[in-house]
């Protein structure tokens, strides 16, 4: 059957036959980089359009509908416009850090792509500490945001960056603990093994209530980590104009904007992988016929379907809830989510040791 | 409270006050030096005038008149207190400490009419630019660029 | 208001250690216009708010001194543009009171119906904008759906959507559109169906409640002392509805409740406005079917001349008590006009209400004050 796995294997085999191993590896790297950049551009365009369409649907209006059929090329037009805009740097800004910050944020988003399994055996780097890698790298994006806020020499930016720092560092904990529950259940940090463990059912179904709790906490925490409403305090429009990226314009702003959507995609992909079985089709215990039918749907469709469902949920949050205040945000994390996640982890450990899960 | 009763109370504090009942409400004309005393009496005395709902000034060319529209949210009677000022040395006691709404209204009158409010906590221009010259709502104000004479 | 060199000088002098001064406005998404607040912060906590006004100051009071009594009414539409009809009504009432002009019953009824429609439109816009200040974008579109119906009714009858200029001294400029009653009834029907949507989306939302309850508290004494009127004062438990206290036009013939809450916080101000919309609907329902037949304008002279003296009227706009004070010398122009605008007094309480709270709370407090900047600057 035609699959992404077949293509990658064929390409690899061909490269290793034609060239020596070092050169072949180098060429593979180039291909991966090109694919990643294409995916980024494509995702950016699709997600921004999706956000606008979802928002329009929720807000009883039509959304973009002029450029291309049904407004499909609206984001392309927007990107062209942003590329042509002048990228201003304020006079009193720290020019080096100011220009570096968007690239840091973007690079972090790109690095996170490495261990994600897009389809069956279609993964850039199946690192054996995948989950740890993701937790470690995703915390780095706060450096880019702090850098942007500080280097802009703007009080709004600074306030936004400080808020963002406090917020991301706090919510890392909950997100990390929520991820740990699945690690405890699986007994592995490798993403391919976590997916393989969900062969007979996704963790959200198999892991009893603790897995559901962990899933809810994970979704809340990643919404906060990606600075999305109702936790978008770092760029709280009505309070801080645009928060940490107030001074950015043109493509530098576009990079921040793109990184936000890529980050959403990545955290949703991770959520889908850990809790909803990644590319694994919906399998129910020993219903052979049902499982067989489900296997006919390609694994990449399963993965994208789950990821985009989670993205839709996060967008739904944004267009429904008002924003929290900074102290309420931190209260929610330190007083409620963190103790609950800790207890939850304990519960999961007990379940895992006693083998109560399916 | 009827106008007669109000008059009686005001007169007991300030015998020199004069009254005018031709308008909708009782007008009390006082000397600008006595204003603080009357204001305190109106606010804290039996009149319970706790609501200063309008504070303004009129330029009569020969003199300025400060107007204070007072009402009581409990007894529902209105009075208007008037004090004449000399345009050259327009000075009157501030009532910010008695009705806090006066702070903004007095700043507005200060910049528009050039009335100096004594003991105002923060007497600066509120609406106009800091370096604006002249008092726009006075009748002798001329601005050949922005004003169109009809 | 500083000139350019002063701004640069100011940033080098940052004040005491740990203080951060930010200029909120004149261009800022939350100030809804050109309000300039100089906010002194200690971290996220507000220490002091100092409003700088005048960015949209047109000196309407001076302008009116050179206009006739027929003309000056229409300048007031540009003050509080969201309740322009009620501003016009206030001025017309003053002239009618001063000259003892008889207003036909029909005109009175229509004036009150339109005033209440204006009030609903204003509150709807406020509701959406305030929710947007708190970060919820969606309610804005839901409130604008109903507001659109009102503006369409206005457009059909008055010829304009926002600054209607429908009132002349002695009545109305022209008669209502034949479809007016039908459309208003259709609006009432839709409003009653859809008002629950706001309740679901905003009022019962736990984040919204935690953002507004106990925030920006104004006690009844302070509300009176700061000269607050309208929903702001009524949320603090002060009875100050001019429609009840000093009824004008046909307000004494209709039944409605003065909405009073006692908490004095942002949530109370929100509730007061939402309930007020329902009371406005109640007033319209009582009047819409019994608009009397007859003239829509009384007999007036061509040139209006107010007798010598001082005149004061007050009307209840969507934001509170609008006072119109006219000094007449007996001529065709007013000698001095003073507009006591509700926003100006309400704004003066902002520092008192928001000092000590967080920046996020400032949005809730400022949002529920319902500031319209041209109304403050005049």
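Letters A, B and C mark the chains as written, and numbering starts fresh at 1 in each.
Here is the rule we go by: a residue touches a chain if its C-beta (ideal position, glycine included) is under 8 Å from a C-beta of that chain, and two chains touch if they have at least 3 such contacts.
Just so it is clear, the structure is predicted and the values come from calculations on it, not from any experiment.
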Subunit B reached from subunit A - shortest hop count over touching chains: 2
Distance-to-centre winner among chains (Cα means, whole assembly as reference): C
Length of the line joining the C-alpha centres of subunit A and subunit B, rounded to whole Å: 63
Chain centre separation (subunit A, subunit C; CA means) in Å: 45
Length of the line joining the C-alpha centres of subunit B and subunit C, rounded to whole Å: 25
Shared-contact residues (touching 2 or more other chains) in subunit A: none
Of all residues in subunit B, those that touch subunit C in their complex: 22-25, 27, 50-54, 56, 58-59, 67, 69, 73, 76, 80, 99-101, 103-105, 108, 125-131, 136-137, 141, 147-150
Complex contact set, residues of subunit C against subunit B: 1-3, 51-54, 57, 59, 61-62, 66-67, 221-222, 224-227, 229, 238-240, 245, 309-312, 314, 321, 323, 325, 327, 335-336, 338, 340, 344-345, 347-349, 352, 377
Interface residues, subunit C side, partner subunit A - complex: 20-22, 28-30, 41, 44, 131-138, 140-142, 145, 201-202, 205, 207-208, 210-211, 358-363
Residue ranges of subunit A in contact with subunit C within the complex: 55, 58-61, 155-156, 159, 163, 229-230, 232-233, 236-241, 319-328
